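To keep things simple, chains are lettered A, B, C, D and E as they appear, and every chain counts its residues starting from 1.
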């Protein structure tokens, strides 16, 4: 039961995040979606390593308190969280500059201005 | 036979140290940053060259990080294929080092980070480690895309970042699936477990998710909508580097996954479909493109579609063709981008360019002839290898792939020579087209010289590529080298 | 504008076309969700094969001497992941710095933080500092480590800036610490080459469980802690708009 | 260093020479001398090549495949044609015409490049070197066509697209052969062809026929040739017309006839109708004979008229070769030689007219016989050859083709051949009438005869046509060598012509009687009844009223009104519409794909693609 | 154990939906922090203390602050997203 809950929750987060990215036109909303999606993926990765009845992978003076949970996904998730944060920081910096440059964060307007500046004639 | 070579970490460590130290220096002496950066790249290139020589002589090198043996720790595995692309990356970063106003601290640091990330991507033999290095390359390329500091640059970089991050998240889900099924992350270990754990739909779905992540950088069809925007907005040197080499790294990593972990024909079919769509999208969009820069953006999509097609043919011949196509594209496309950087605006406005810059126009003609695949030029031998591999294992999909490839070549020849004829047409009102300063043309001429050299030494080059392909296609031998080290 | 025949004015039509896209995305998302769920539940929850995890859990304490196996993995078995991850953070911060350089101070900048926060910020600073340092130093024994401690350190350095936006944030020191901490990490890794391979654990395993156990791992974590701390503080200062004046 | 190496050396030296000092006046004559030397070298090699083949030092091995060149009889024959055509083209260009041309150096260079490429093609030792030569010829011809700029560029671009599509078909064919036989040698392909499945045979035959047919402008791919060849500058255009299109025929002969073998092609049957692959190809040749000729009829530009005929004559050559009997093959090959002589003469004459009057528009010329008599004589000899009438050599080869069609019992093809010749006669009369006969236009009063440097090569070509018409044995000796190399049955022939059981042809008698008759007529006309009273062309009474200088009595526009009404509706241009259809399809799909990259927000497509792929993986990829 | 998981997953999903749907930007950022906190609690339940601490510190703490700062920097601090047209 906990498994379906966790997996359901994780995939739910991914779906909500993707919805925000795919169906919303405001760039800030897309970045929120990105953060939510990455959280969902992290939860999925962490819950893969869970062992019912397992203990946290912290030894007490060298001895394992009991059967341990799989430590590797935890290491991966830790790395993934920090990666997510790094990318989020860069995204927000870019959002600030796009806002100052184009005065709007609406995707359609940004895309049109972007193509105009790239000089792609709508032949 | 393989050797344990701890020095294999240098191509990653040296640029990293350079990247960490550069900001410290850059705050005071801005122009020193560029020089310091180039020295670091040269240093990294020389160590990579030394590594390549030892690998060419003594066979692939394996090094377990931290002394922890293969399935537990992270392993670096370098065979000749990895070394080839590592050297190509080093050369490209050196050749396209940011110049002029862009050479302040920021872009140089990002270039070094890109070099470190790319080297790690190619050398690493661990699934999650490849994801981490892929992320480094990705973040560095988002930053470089914005390094032009133009409004379009920021917007293009942001949209690229969002698309790339979605791809990376899908890739992470794929890694989670694989770890859930197999319990290990080492590619060699996976290649032994995969036959009975990853052959079902879950394995194929995991590959598709991995490919979704890699596809963003490897410009596969549904994932490359960022290509025209970013290459148009980023400085030409960045576009040349991204299109020329970095996209190839992602494609080679995809090849590693296909060879080692997903040898079934499901994965090959996915690559085949992605390749066909890539060639179609690239060539047709380029046919209708407005400016030269946009044409070459779409043309790089098409070329990478061809590389995907080559890799989708299982066996050493397909890989050899893929390497040849990727290498040839890595030489030709950056030169095209450097030319397009100077010839901005719609192609029509460039009439009579042959009078203003004859050298650039003749270089354009030679590059076009080679990328179309006209016999004396190396491009023909790359396509020749592809057709030989394709017809060796003909299946329905491969026939379509060959037809699309050949039809794509005709369309490519049409839009390239449509531009050439405009160059040779006599400009009506004597308008002058932009001239080339030597510094701008130098990298392109260098690459043109490399192309002509390759034309002369095609036989030894071909032999070494097929040797590389045989080595890279033998998953069992790779696994044996990594796992059965006897430490 | 003559509304042509049955066409609604563009604005509404433009809006209504948006619905088509929303429906399409909801459909596709539903499909993706179902498929992902079916894929991931192919391996029932809690029964994933764990041979590598089991092997590491078994031998981690003996080989690295660290109580916290996750830290042993992060810095020992998968040390390169952590190096890569720190590089990502560094690259992202450098890129954000480059992007935001000279970006003007933004609209709502000036007003002061609330009175309570202004007075409490200075009192909070030492506690955050101690907490962060503790978490970093005990990374290999108790949960936590370089990243978590570094984040807290960043908060510690950043709160005074929030309290009084005028006070200058010393970017030069932050970048100096950042650079050298990263360098320490890589140098320790390269030093490990002498003992076999990159990032081999130096200085033996010490007395397992004690503060100075697990050889070079705590040193690495301190380096990461400082690097993450200075990087994030610098980043937040720059996003806050203060750094733009002098960078 | 065999003769072939000498040839390659000559070509290389020529390119280098023109590259460095192409500008000064004497470069033209030097080039002519080199081409002459090449022609002599080829002729000298006739003896050695009759039996086997001349090896060449040029060769290298790439990626494990050995690529080499050698000259066999077929290669010798076409090399001789190339050298000869280049000789006359450079002779023509070396004189005053060349000096009047802007950028003559590029034309000399491109001519040299074309000759070198053609030598590499016709002496290819295996399929791979054949493809390399093929590509080089295509691109050299493209450069030659596009050099003039202006309207030439779209025509050259159209050619390049057709040529590259054909080249890709050939490349696919070659790679399939390599996949099946493991090597690129002709003999391996020939050995393995018999054992292939009929589907594979059809595929290979189709690919090679289509690929080579594009260059030869066979029916469905013929749209590019007329415009492309007529937009090329004069001498180069004559060269292209005479030889370049025949490279396609050479390759067809080499692969379809010599390697695959006509018997194997005859064995391949189209499932429903009882037509064999050979029959199908012959009918394509037949249509290529008739339809372009009647399109030529409608042309109003002299060069377009001639190039459309070029396409038509290609049909005759292919038909002759495909008949397969000794007579037919000899007729086909002889027609290649004859066509080269009179088509080049015609084109040089038309260029001379353009050189003097500035236009080749048939509606704005007329009465030039009084001003340019020698050009008129060349054009007359040329059109007699083109129409296939004695005493010119055209008659001999067409007679042999008709004879072989009759002997092999394919009556309908014979009828098509006659209709083709009828169309040719009608259109060539239009050509000579609109340019030389009728009333001289006022603006052409001051026109003088073309300079001797241009008239000499034209007359020389006409002379060759006449001599080989009188003594066809000379030309047949050349084609015997090619025939032997092709493996076609031997044709016994004397100096005068062919003696077969059911009727023989002795041109010596035919031409001699003709000359005697003309001589007798001349005597009667000039010496006996020579009481003539010269009067101005307009001092005349015609159709019930006196002629007045204001009325332009030059009826050249709508030359065949009656015929146009009868066959007018057939000119639906269905193939032109098919070509435009492909063009618009390309543009529309290009916009579609480019549209995807111009969307405001694209992650939806990423999501859609991933979901579809995952769905396929879960459902299909079980 | 299952009950706790159920509650925190529910809280997390609702907060995620609010983060995407709420028009008031500040409330959306707050919702994002709640998602991180609930996620951190879940990690604790999954016996992953390191990850829980990291998620709390980096996810809820720093990215929440960073998002808030960006909102202020682009002037959306107090603002609400208008329906339909660009703001």
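Throughout what follows, a residue touches a chain if its C-beta (ideal position, glycine included) is under 8 Å from a C-beta of that chain, and two chains touch if they have at least 3 such contacts.
Predicted, not measured: the structure shown is a model, and the values here were computed from it.
Within the contact network of the assembly, the step distance from chain B to chain E comes to 2. The chains that touch chain B as well as chain C are A, D. Central chain (C-alpha centroid nearest the global protein C-alpha centroid): B.
Relative to chain A, the most remote chain by averaged C-alpha coordinates is D.
With chains reduced to the mean position of their C-alpha atoms, the one farthest from chain B is D. With centres defined as mean CA coordinates, chain E is found 16 Å away from chain C.
Mean C-alpha positions place chain A and chain D at a centre distance of 67 Å. Mean C-alpha positions place chain A and chain C at a centre distance of 13 Å. Averaged C-alpha coordinates put the centre of chain C at 73 Å from the centre of chain D.
Taken residue by residue, chain B touches two or more other chains at 128, 132, 135, 139, 142-143, 146, 154, 157, 162, 166, 173, 176, 179-180, 185, 200-201, 205, 228, 288-289, whereas all remaining positions touch fewer. Shared interface positions of chain C, defined as residues touching 2 or more other chains, are 18, 21, 25, 28-29, 32, 35-36, 39-40, 43, 48, 50, 52-53, 56, 68, 70, 78, 81, 84-85, 88, 91-92, 95, 99, 106, 143, 147, 235, 239.
For chain D, the set of residues touching two or more other chains reads 599, 603-604, 607-608, 610, 614, 618.
Taken together, the chains touch in the following pairs: A-B, A-C, A-D, A-E, B-C, B-D, C-D, C-E. The residues of chain C lying in touch with chain A in their complex are 18, 21-22, 25-26, 28-30, 32-33, 36-37, 40-41, 43-46, 48, 50, 52-54, 56-57, 60-61, 67-70, 73-74, 78, 81-82, 84-85, 88-89, 91-93, 95-96, 99-100, 103-104, 106, 142-143, 147, 208-209, 228, 235, 238-239. Contact residues of chain A toward chain B in the complex are 14, 17-18, 21, 27, 30-31, 34, 37-38, 41, 44-45, 48, 72-73, 76, 79-80, 83, 86-87, 90-91, 94-95, 97-98, 101-102, 107, 110-111, 113-115, 117-123.
For chain A in complex with chain E, the touching residues are 1-2, 5-6, 8-9, 12-13, 16-17, 19-20, 24, 26, 28-29, 32-33, 35-36, 39, 42-43, 46-47, 49-50, 54-58, 69, 74, 77-78, 81-82, 85, 88-89, 92, 95-96, 99-100, 104-106, 108-109.
Only residues 162-163, 166-167, 170, 200-201, 204-205, 208-209, 212, 221-223, 225, 227-228, 266, 269-270, 280-281, 284-285, 287-289, 298, 369, 372, 374-376, 380-381, 383-385, 387-388, 390-392, 394, 402, 406-407, 409-411, 413-414, 417-418, 421, 424-426, 458-459, 462-463, 466 of chain B touch chain D when the two sit together in their complex. Every residue of chain C that touches chain B in the complex is listed here, in rising order: 35-36, 39-40, 42-43, 48-53, 55-56, 63, 76-81, 83-85, 87-88, 90-92, 94-95, 97-99, 101, 172, 175-176, 178-180, 182-183, 186-187, 189-190, 192-193, 195-201.
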